[in-house]
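Both complexes shown next keep subunit A, but they swap its partner, so subunit B is in the first and subunit C is in the second.
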Partner chain A sequence: MDQAISFDHVTHTYQAKTPYAQDALNDVSVTIAENSFTAIIGHTGSGKSTLVQHINALLKPTQGTIKVHDKLITPTTTNKNLKEFRRHVGMVFQFPEKQLFEETVIKDIMFGPKNYGVSEADAKHAAVDAMNLVGLDQSLAEKSPFDLSGGQMRRVAIAGVLAMRPEILILDEPTAGLDPQGHKEMMTLAQRLHDHDQMTIILVTHQMDDVVNYASQVIVMDRGKIVKTGSPAQIFADPEWVYERQLNLPSSTEFAQRLIDAGIPMGKLPLTVNQLADRIAELVAKGDSMNE
Partner chain B sequence: MNNFLFGRYLPGNSWIHQMSPQSKLTLSFYFVVVIFFANNLASYGALAALIIVVVLLSGVSITFFLKGIRPLIWLIIFTVSLQILFSAGGHVFWQWGPFSISDLSLINGGYIFIRFLLIIMISTVLTLTTTPLAIADGVQTVLKPLKKIHFPVDTLALMLSIALRFVPTLMDEMGTILNAQRSRGVDFGSGSLKHRVQAAVPLLVPLFTGAINHAENLSTAMEARGFSDSEHRSKYRVYRWQGKDTISWLAFLAVGGLVLWIRKH
Partner chain C sequence: MKDIIQIQNISFNYSNQPRLFDGLSLDVHQGEWLALIGQNGSGKSTLARLIDGLNVLTKGQILVAGMPVNDANVLKIRNKIGMVFQNPEDQFVGATVEDDVAFGLENRQVDRQKMHDIVKQSLKSVNMWEFRDRIPANLSGGQKQRVAIAGIIALSPEIIILDEATSMLDPRGRQDILNLVRQIKEKNHLTVISITHDIDEAAGADRVVIINKGQKIDEDTPAQIFKHPKRLEQIGLDVPYTSQLIAALSKRSVHAAKEYLNSEELITWIKQLVSTT
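Let's turn to the complex of A and B:
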């Protein structure tokens, strides 16, 4: 698979050269494959959000370079000519409902495409598609976004990003503050965009269950550094290590860990509910055959 | 914005950091008044010496200080050059149309420059060594006498401390909204004036609605915690007048007296 994004020794310091200077990223090198579903995890303040904001050049590295598709971002990259580039990288910020401002839902969703010079008719078409994609009823199109519920507002905001048809989609804690139903729908949407629309998805999250259920690659950050990359199975194979990074295990893995502590041989640690159920079924079957 | 020092707080534990905010506020005000009494080199020298001692006591590095006031230097140069070019009288060195430079205008310009510098220095020391909340408390203490004429001092202090508390929050939110709209293809700070004004709408509308939401949530939360009016409240942060405040005031009064005495000669 091709590389969609590669970080090469990237360092980022906020307010460099002042007494307020703060290192947010420290010599980060990582690659993210095209069409992959990558989760970025780490405790609060570990630099996850800073990292993803580099991908569409909202932040520029203090040192090092970043390559996104064919675009090279260096410390000297200026804000000019970034507009076209940003179209290919969709970014959904934390609590994206805060960015709504237009009079109607449809206008707000059309805002992104229109900024990139798409015609009124095409922008409307894209907006209707995006509304269907995020599961918003078309009857809401002419309503004010400020009259909607919190969950609906978030969908409008995400539709506004999807209407630009980005190739890379960055989701910064998209499920924060949503109810379980909204959470599931949001993650199903992300998965569908990945599987069906071939988007490269980058998910910043604290939900380890989402990581094991949806992501194929995991990047673990700790104090501005990338401390581990690998598949979810590789990351969660060592519970001690995970706890030391102030992270949690997925709930199935944690449950299995408790069973092991209670003396039940689980073998390899399961990640998802299905794996856990299979493992327990195996054990039960074995127990039955021993009793016979 | 990042290099703008004016109005920011730098944590520390120096002599000046430990002084009570009310004495720092009144001292700054007093100092500014004294600056306008100074009218010759010796008196300005005395004030400059005092401010250097103050900066040294604040524990903030002087180079950092000078870097911080650099954004204001253009304002100073502009005012000073107007003063030099347009004031009349004295021995004229150079003249061209309405512009003239004389020994008197040069001296006046120099004084204005020093005045500006001293005022900026003292107010920067104040804001660098005092947290915004402490400044709000200081204002409340200083304004207390106005209660006699039914001026709502406590309400004003409450509004001031809430406003100051929300400055960084709203700044953060503005940064996030700015970035969110940027990634939706808005070009801030480029293009024609009309384009720039239009680009501000996607920033301002969410910022205002966000502020209204904050206000609603905050007022609900305050009511839920038993806040009814700003009268009859006790205070958690109490800033007592200390020996440091008395010593500082004595030093400032001495320099003020010196300035008045030099002025006569």
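Let's turn to the complex of A and C:
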């Protein structure tokens, strides 16, 4: 698989050359494959947000280089050269609805493409497409974004990013503050953008159940370093190691651990409720057949 | 049991919007941990704002420690209530973490040395003392929320309202903060109202109130509330993990007697099932 993104020995220091200087990223090297669904997990303050902000060049490395498709960012890349970069990488921040500002939903979504010199008609076309993508009814187009519910506002903000037709979409804790239904809709949207629209999705999350249900690749960060990469099954196979990174297990893996502690054999640790239910049903069937 | 908050037959709507509450009544017992659960837009946060006098009722009244929430009492009432909101960015005023926590105390003209002690103690209790010289904007989301909570703790309120306050924290941080609030609650005999979507957080409450479209659907202990997982699902809430597993087992023809068991009960049942040999 082609690589969409690669970090080569990247260090980022906040407040460099001051007494408060601190490395938020420390010698990070990693690659993210084209059209992958990658989750980035790590304890609060581990550097997840700093890492993803380099992918769309909101931050430049203090040392090292980042390659996104065929474009390179180095500590000396000028800001002028970053614009083209950002066009291909959509970034949805935490609480993106805070950034809405236009009078109407459609104007807000059109702002990004217009900012890149797209014509009014093309921008509108892109905005209408983006509204469809995120499941916003067209009847909302002329409404003020501020009259919408929190979940709808967030979708407007995401539509604004999608209207730029990025190839890579970064979602930084996109479900924070959403209710369970909004959460499910958001993750279904991410999955659809990945499966149907062939986008490379990078999800920063604390929700381990989302990691096992949606991601194919996981990057674990701890104190500014990448400490493990692998499939969800590889990452969660060692619960001790996960706990030491101050992370949680997916609900089903954690529950399986408790069953193991109660003396019930589990074999390979399940990641999802269906895997766990399969395992328990197997054990029950085995018990029944032995009784016959 | 004494009721520290009495919500009596209230009606309310935001201007030009349909009525949100129509005759809602609810009591909050002194010293309890009450979880308010419901979808976004169900009116949970509005209820918190009405208790704190940030919005004005159209009908009915709310009493806090026996005082009606009105213009005459609102400052006294706000001194009793510490609100922690979902997004701490909205709450920062100080240039440094330490200044930010001191802000509320400065407003109350607390003596300088005493203020320093309180700020130190509050920041230590949320594990943020070593960050005291940092700029709040440069902290991570979870760290910001800890600072916001320290700011509330510093003012030693009688009631703490957590409005989705832990939703930005990672699971460990969330548990830490909840444990911390629990400790402070016990130590200072506080009342905690937690507005949450987190079903595990609700499970730790003394009582749970379900709000849907401005209506109180039910109020009971978590165990009683969770006996109806389908109802939770219907109103767009999460179902406790144990109920999800029971439902998944049921699809595989392994049927439990109930739709909800707590973790211990579920483990005991599974153990019996698999060790019938």
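The rule is short, and it goes like this: the second predicted complex is superposed on the first by the 292 of 292 C-alpha atoms of A that agree within 3 Å, B and C clash if a C-alpha of one lies under 4 Å from a C-alpha of the other, contacts with A are read in each partner's own complex, and residues count from 1 in each chain.
Note that contacts are C-beta pairs under 8 Å (C-beta built on N, C-alpha and C of every residue); 3 or more make two chains touch, one makes a residue touch a chain.
Treat the numbers as computed from the prediction; the structure is a model and nothing was measured.
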| item | value |
| --- | --- |
| Clash or fit, subunit B versus subunit C on superposed subunit A | clash |
| Touched partner set for A:161, first subunit B, second subunit C, both or neither | first |
| Which superposed partner A:141 touches (first subunit B, second subunit C, both, neither) | neither |
| Contacts of A:246 with subunit B and subunit C, given as first, second, both or neither | second |
| Touched partner set for A:93, first subunit B, second subunit C, both or neither | first |
| Partner chain(s) touched by A:15 [first = subunit B, second = subunit C, both, neither] | both |
| Subunit C versus subunit B, contacts on subunit A by residue | C |
| First, second, both or neither for A:101, with subunit B first and subunit C second | first |
| Subunit B versus subunit C as contact partner of A:116, first or second or both or neither | first |
| Clash with subunit B, by subunit C stretch, listed 77-85, 221-229 or 239-247 | 77-85 |
| Contacts on subunit A seen with subunit B and repeated with subunit C across the two complexes | 15, 94, 98 |
| Footprint of subunit A on subunit C - complex, ascending | 39-41, 86-87, 89, 133-134, 138-143, 164, 167-173, 197, 236-238, 241, 244-245, 248-249, 251-254, 263, 267, 270-271, 273-277 |
| Subunit A residues within the subunit B interface of the complex | 15, 18-19, 53, 56, 58, 79-80, 83, 86-87, 89-91, 93-94, 96, 98-101, 111-112, 115-116, 146, 160-161, 164 |
| Subunit A contact footprint on subunit B (complex, rising order) | 2-3, 10, 64, 173, 176-177, 179-187, 189-190, 201-202, 205-206, 209-210 |
| Subunit A to subunit C touching residues, read off their complex | 14-15, 20, 43-45, 49, 94-95, 98, 149-151, 173, 176-182, 206, 208, 246-248, 251-252, 255, 258-259, 262-264, 273-274, 276-278, 280-281, 283-284, 286-288, 290-291 |
